[in-house]
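Data first, discussion second: the structure below is written as structure tokens.
Here the chain labels run A, B, C, D and E in written order, and each chain numbers its own residues starting at 1.
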Amino acid sequence: MTPLLSVRDLRVVIDGLHILHGVDLDVAPTGVTALLGRNGAGKTTTVRAIMGLVPRTGSVVLDGAEIGGLPTHRVVRRGIGYAPEDRGVFAGLTVAENLRLAERDSAPAYPLVHRLFPELKAREKQLAGTLSGGQQQMVAIGRTLLNGNRLIVADEPTKGLAPRIVTEVADVLARVAETVPVLLVEQNLALVRRVAGHCAVLADGRTAHRGDAAALLADEEAARRLLGVGRHPAPEVTP
Amino acid sequence: GTAGTGSADTGSRAPIKVGLVYSKTGPLAAYGKQYLEGFKAGLAYATKGTGAVAGHPVELAEQDDAGDPAKAVSGAKDLIGKGYRVLAGSTASGVALQVGPIAAQNKVLFISGPAAADKVTGLNRYTFRSGRQSYQDIRAAASFIGKDAQGRKVTVLAQDNAFGQANVAAVKAVLGAEGATVDAVLAPPSATDLTPFAGQAKAGRPDLLFVAWAGDTAAALWTSLTQQDVFAATRVVTGLDLAASYPLFGPAGEKISFLDHYFAGAAGSNEVEVAMTDAVTKAGSKPDIFTPDGFTAAQMVVHALEAAKGSDADTDALVKALEGWSFDGVKGRLTVRAEDHALLQPMFQVKLTGTGAAARPGVVNTLPADQVAPPVTPMAG
Amino acid sequence: MNTVVLLACTGLGLGALYFLVASGLSLIFGLMDVLNFAHGALLSVGAYAAWWAAGDGGMGFWLAVPFGTLVGTGAAVLLELVLIRPLYARPRDQILATVGVGLALPALLMGIWGADARPFPQPAALAGTVRLLGAVVPVNRFVLIGAALLVLLALRLFLARTRYGLIVRAGVEDRAMVTALGIDVRRAFTLVFAIGGAAAALGGALAGLYFGSVNPGQGTGLLIFAFVVVVMGGTGSVTGAAVASVAVGLVQQFANYYTAAGLGDLSVVVLLAVLLLVRPRGLTGRLA
Amino acid sequence: MTAVLKRWWPLGPLVLLLLAPYSALPLPGLLDGPLGSPGSLQLLALCLLYGALASGYDLLLGRTGLLSFGHALYFATGLYATDLAMLEFRLPFAAAALFGVACSVALALLLGSVGLRVTGIAFSMVTLAFAQAGAILVQRNPGGLTGGEEGRSAPADLLPDSLVGIQHTANLYWIALAHLLLTLAVVHWTASSPTGRVWAGIRENERRVEVLGLRPYGFKLVAFVVAGGLAGSGGVVYLLLTGGATPQAASSDATLALLVMVVLGGSGTRWGPLLGGVLYTWAAHRLGDLATSAAVAGLPAALRVPLSQPLVLLGALFVAVVYLLPGGMARLPARLRSGRTGRTGRTADTAAVPVSEGVA
Amino acid sequence: MTSTAPVLRLDGLGWSVRGVPIVEDVSLSVAEGEFIAFIGPNGAGKTSLFNLVSGIHPATRGTLHLDGADITAEPVHARARRGLGRTFQTSSLWPGLTVADHVRLAAQAAAGPRASYRIWRRADRYGTQVADTLERTGLADRAEAPAGSLSHGGKRKLELAVLLVAEPRLILLDEPMAGVSAEEVPALVELIRSVHRDQGRTVLMVEHHMDVLLGLADRLAVMHHGTLLALDTPAAVMADATVQQAYLGEAL
């Protein structure tokens, strides 16, 4: 099975600081591929480098075509939807305007987005800056779903969402992944366990592990070594 | 920048250094150019082409003030520090009024140029002027009212700045004393729409409307005066500026009575004027309103130095030589009044014929120097 | 009575001139967040180009104005491509670069055509006056008012009917994110700058009509009032700028005439200070 | 060793500055005449003065993040108030100078307390409005006080003899140097004081300072008044150097020039504004000479016309520095050291988070 | 938990924007040393409530008392001076200042405005206090890094450090764990617990990580559509069917 996106020896230097020193990563042509790692491991930077948002070297191949040198808007037009870590909503624009900006297809999939997040329909005219944290996250995810993308890249999409919504997003991701492959950066390992097929783990700007997500999370020793956690997805707190 | 322009073949005597502080760049650069051309022509004329006084070659150094008094003061200090004892120049009044005191503090001779402020006259012992002053303009303007000013009404239309205020005060002093009622329409200097002021000036129905205007809104003003039909209602008098400004009057040009300091050929081709015109033309340029100011300044410098036998060491001797000196200048007979260093000189009444680029001035009347002489101001310092 | 009418008409004319100058500034500032200090210079470029075309170029007034506008637009595009675009990541430096251009361009014009005012051609049709309720109002004031209305309409249509307004507003907030939505934000920025420049140049050409002459400092002189108008109107609000222009023009004209010392510009300044202290975001209350 | 050098290198330039009046070193191209000659000293003194003014202005811009478009007002207040105190009240110079500085401080306190009620671009525009009002007043020549566009020259009889006349130019130079040192001391000292720490916080994110329990208003006002006082004292020195007060000092161009100087040198850096002020002033005076020199006059028109206008050169120089040296000249050594030019990722990524987002 | 007079009391607190109510009629008493956790769906008004309490938004209805004093009309900085500290859901820092400078500035501000108006003094370094806080929050090794270059988790920690160094009596935490990697969560939880238990601070916290909350909170407040839906012991709240349905769904 040839990967949809394959990243080789990705390196990023910002202000003379080496942040990534050689990341290798494959995104499977179906399902969710999880990108894991501790805080500061370089997950966000990897994703930003794929999108062309930071200066990078190395190769990024999408569907057989090299996109490592393209400017960001070209990368996106190749069919990548991106929901960034800090949500990237435009605070001064309304919800509807935020979505309208993301339209690339002639028939954007508004029904889908509005079905998943009815909040966004109800708050169309509200300035996105005044949305609650979770609602902003909905805008960010909604924008990636509007167009018929070949790949969706989501950087911690469930951060700050209420448990029920997390469950819903997990469902959405699982459902989306049936048609479009997803590259998912996530801290919530329970969610990873539920939706992800493959995974890659970063440590200190390098790929530390690649393989099956469920297998990694089941391997207590490896999970502790790579992610610093035990069997439990979020730690049990001893009273 | 020092640009030596003296002729080198005048033997071994030590050169006399003369410093020019004037606007080489900046908003008054056009005046500055005329001044410099005039000065060079005057120097050649007064030294009979030798460029030397009593065998000492005259060496010119130029300092650009860009119209900024602070730069002018720096330039003047630089020159004085280098041993220059004779300074001339100042295209702008602000510059003249700042450089004058510097000259006095350091006891060097300073001959102010086109700067028209009356305050330059009588500023101090060391400051002279080679151009006309506002008061002479006013006197020339007053001449249009004829012999009997009693009971006539005169309105001054001016900008509400030091130049405008000085003009109003001067008209009040000159014509008010002769029994005319003088009032003023003062527009804010920054006003761009002058229509209401034109209307106001007309509504007062003066016998004479004196326009004292400087700056970029001149064209707008003349357009407004034409549109409000002021020329049909009263006689309009104003000062004529440099040749490039003639087209700005538009169709109004032919209806205005101009007072004039100078234009090319105004003096009726006396010998000095011919010399200036020839020299300037030969240098590839044309005489204009302030060319005589430079020419006269050079005449004064050379005369002062000649009297001191080519030495600039004793400034008091130079001052002495100039005070009360009467000579033939470009405009006719000129006199440096001993009491306050005013330069007494004739002025002109002028008409423009033709409009736009075709406008040409012609002298209607020459006003003798004593008719337009400013009152004596006590010497300040 | 007729004085009031005259002041009102000329005040509106002045307001129209301010709007022509400020509309492009407001557009660029509101959408791109660049306080364009070179705007006055663009104005002068437009004015000189129109002046040159009408005189030496032999085009006549009606061709000269579009020509001037075109040249100004070209200058704006050049400015954007060469100076603004490479500085996208440094918003403050963009402003500073325009300060430099704002210094240099008028000086260059002065170097070429001299510091003195040059008479601007007045077509006979616009040189006259109209009698209105006893007041004699110059015709060209109405031309300015008409042009201002047209520009207002055109800009409003541009902002409402195209996606560009949206793109640029979003781009100011977070350029990277806009490109991450697959949009080439640079093209949009250049377009907006070009439109702003065109408005400036048109304003310059018509200012020549208003003043009857052009000089190198004219644009810069108008710039300060344009700033006042833009800030009063609320950044980025073209309609707000229009309202503010009218207010400033009328206040200035009436205050100039009726206060003893001609306090027109002082009262505008006071108006601005008071307005900002009461409503820091300007008339329309939009966020900067 | 390098640590010592790092800490004490400013002494080197200081010694050079102290020696300047005693030196007859010709610096052709840089100065018109030997170093110790009155003309050169006058230019150097002006350079130092503007270095000081720019440093004081940067207290607002670079340290507190306040973009004031009206700083020239406080400079002009010091200048005119001192001059008028001598001319109108016949005060001796020292008393007049004190009066002048006091006027600047009082005006900064008054207008600052009003203007600082708003923030951001509104603040910039309010300061611009106040300064414009000041400039108009000076131009209008109210009651014949300011002399309008002609200005008023200082009365030589009330100035100490040691400050009048070309032979005493060195004394003016000492005063400018002392003023510069005083300004630098004030700026550096206050910036590293507890108040300076709050200024830095305000510059980066004002709302966040409030959440700590500090009201930014008071701290901004302190910065505004200190900067206003420094500008006023600069006005006094300017009066001595140029022998008079002229309206150019109050114009918005004067503030703009300060802004340009600060940026040229490097806003928020220790030496940048000083460097920028000196360089700008030097260039403004010397470019005129280049522009009118014979070398330029001989060039073809396409080169001659731009080169003969000092402002074209100055504007182009400014754009070049902004373009090629982000952060100003003071950051050049650091940039060279890091060996990388052109990349500015950090500045882009760490731009202040707008307050509206911070509280979303 | 001694039942003295409440530290914080909200009476019928409400906030609406252009007539639309966002927070409605919230009444609540917080006792000294208490730990109340706020949960609720996205957009329930939790952050808005914190904004009202800390003074970022003025309340449009109701009153607020801190230590018995009416603070309803007081501005942000005055409330902070009374010992109220908070963190933000979206990190809100001074990107150009170093980590250590953040903590120093916060320490200085905590000493009262007088300490900050000493323009003639050199700024002291608040040596041990700052070092301790950096140590406690695990930021010591990044002390000289500009805040803008920290990773997301680092920024969250720095928010806490800025808060803690000021030793506020009443602490509002808005989703402090959001985006913090699983590995780091226990340390943060421990930090918050020690501030609460050992130093006796009163804490209000919004958090979506239920398991974290259950071990920390004395009481659980559930917000929904701007109102306080329930306020009870964690066990009682979790048992509530409406809460289950409105908020938790099937736990992940």
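Some observations on this one:
Just so it is clear, a residue touches a chain if its C-beta (ideal position, glycine included) is under 8 Å from a C-beta of that chain, and two chains touch if they have at least 3 such contacts.
Only a predicted model underlies this, so the values are computations on that prediction, with no experimental measurement involved.
Shared contacts of chain B and chain C, meaning chains that touch the two of them, come down to D. Graph distance from chain C to chain E, where chains that touch are one step apart, equals 2. Chain centres here are C-alpha means, and the one lying farthest from chain C is E.
Of all the chains, the one whose CA centre sits at the greatest distance from that of chain D is A.
For the pair chain A and chain B, the distance between C-alpha centroids works out to 78 Å. If each chain is reduced to the centroid of its CA atoms, chain A and chain C end up 45 Å from each other.
Computed from the mean C-alpha positions, the centre of chain A lies at a distance of 50 Å from the centre of chain D. Residues of chain C found to touch two or more other chains are 110, 173, 176, 261, 265, 287.
In chain B, the positions touching at least two other chains are 160, 190.
Residue positions of chain A touching 2 or more other chains: 91-92, 130-133.
Residue ranges of chain D in contact with chain E, taken from their complex: 189-190, 192-198, 200-201, 203-205, 207-215, 218-219, 222, 226, 346, 349-353, 357-360. Of all residues in chain D, those touching chain C in their complex are 114-115, 117-122, 125-126, 128-130, 132-133, 136-137, 140, 252, 256, 259-260, 263, 305-306, 308-312, 314-319, 322-323, 326, 344, 347-348, 351, 354, 356. Across the interface of their complex, chain B is touched by residues 32-33, 37-43, 46, 136, 139-141, 144, 147-151, 153-154, 156-157, 164-166, 169, 238, 241-244, 246-249, 284-285, 288-289, 291-294, 308-310 of chain D. Against chain C, in their complex, chain A makes its touches with residues 51, 53, 71-73, 76-77, 82, 84, 88, 90-93, 97-98, 100-102, 104, 143. By the touch criterion stated above, chain C contacts chain A in their complex at residues 163, 166-167, 169-170, 173-174, 176-185, 287.
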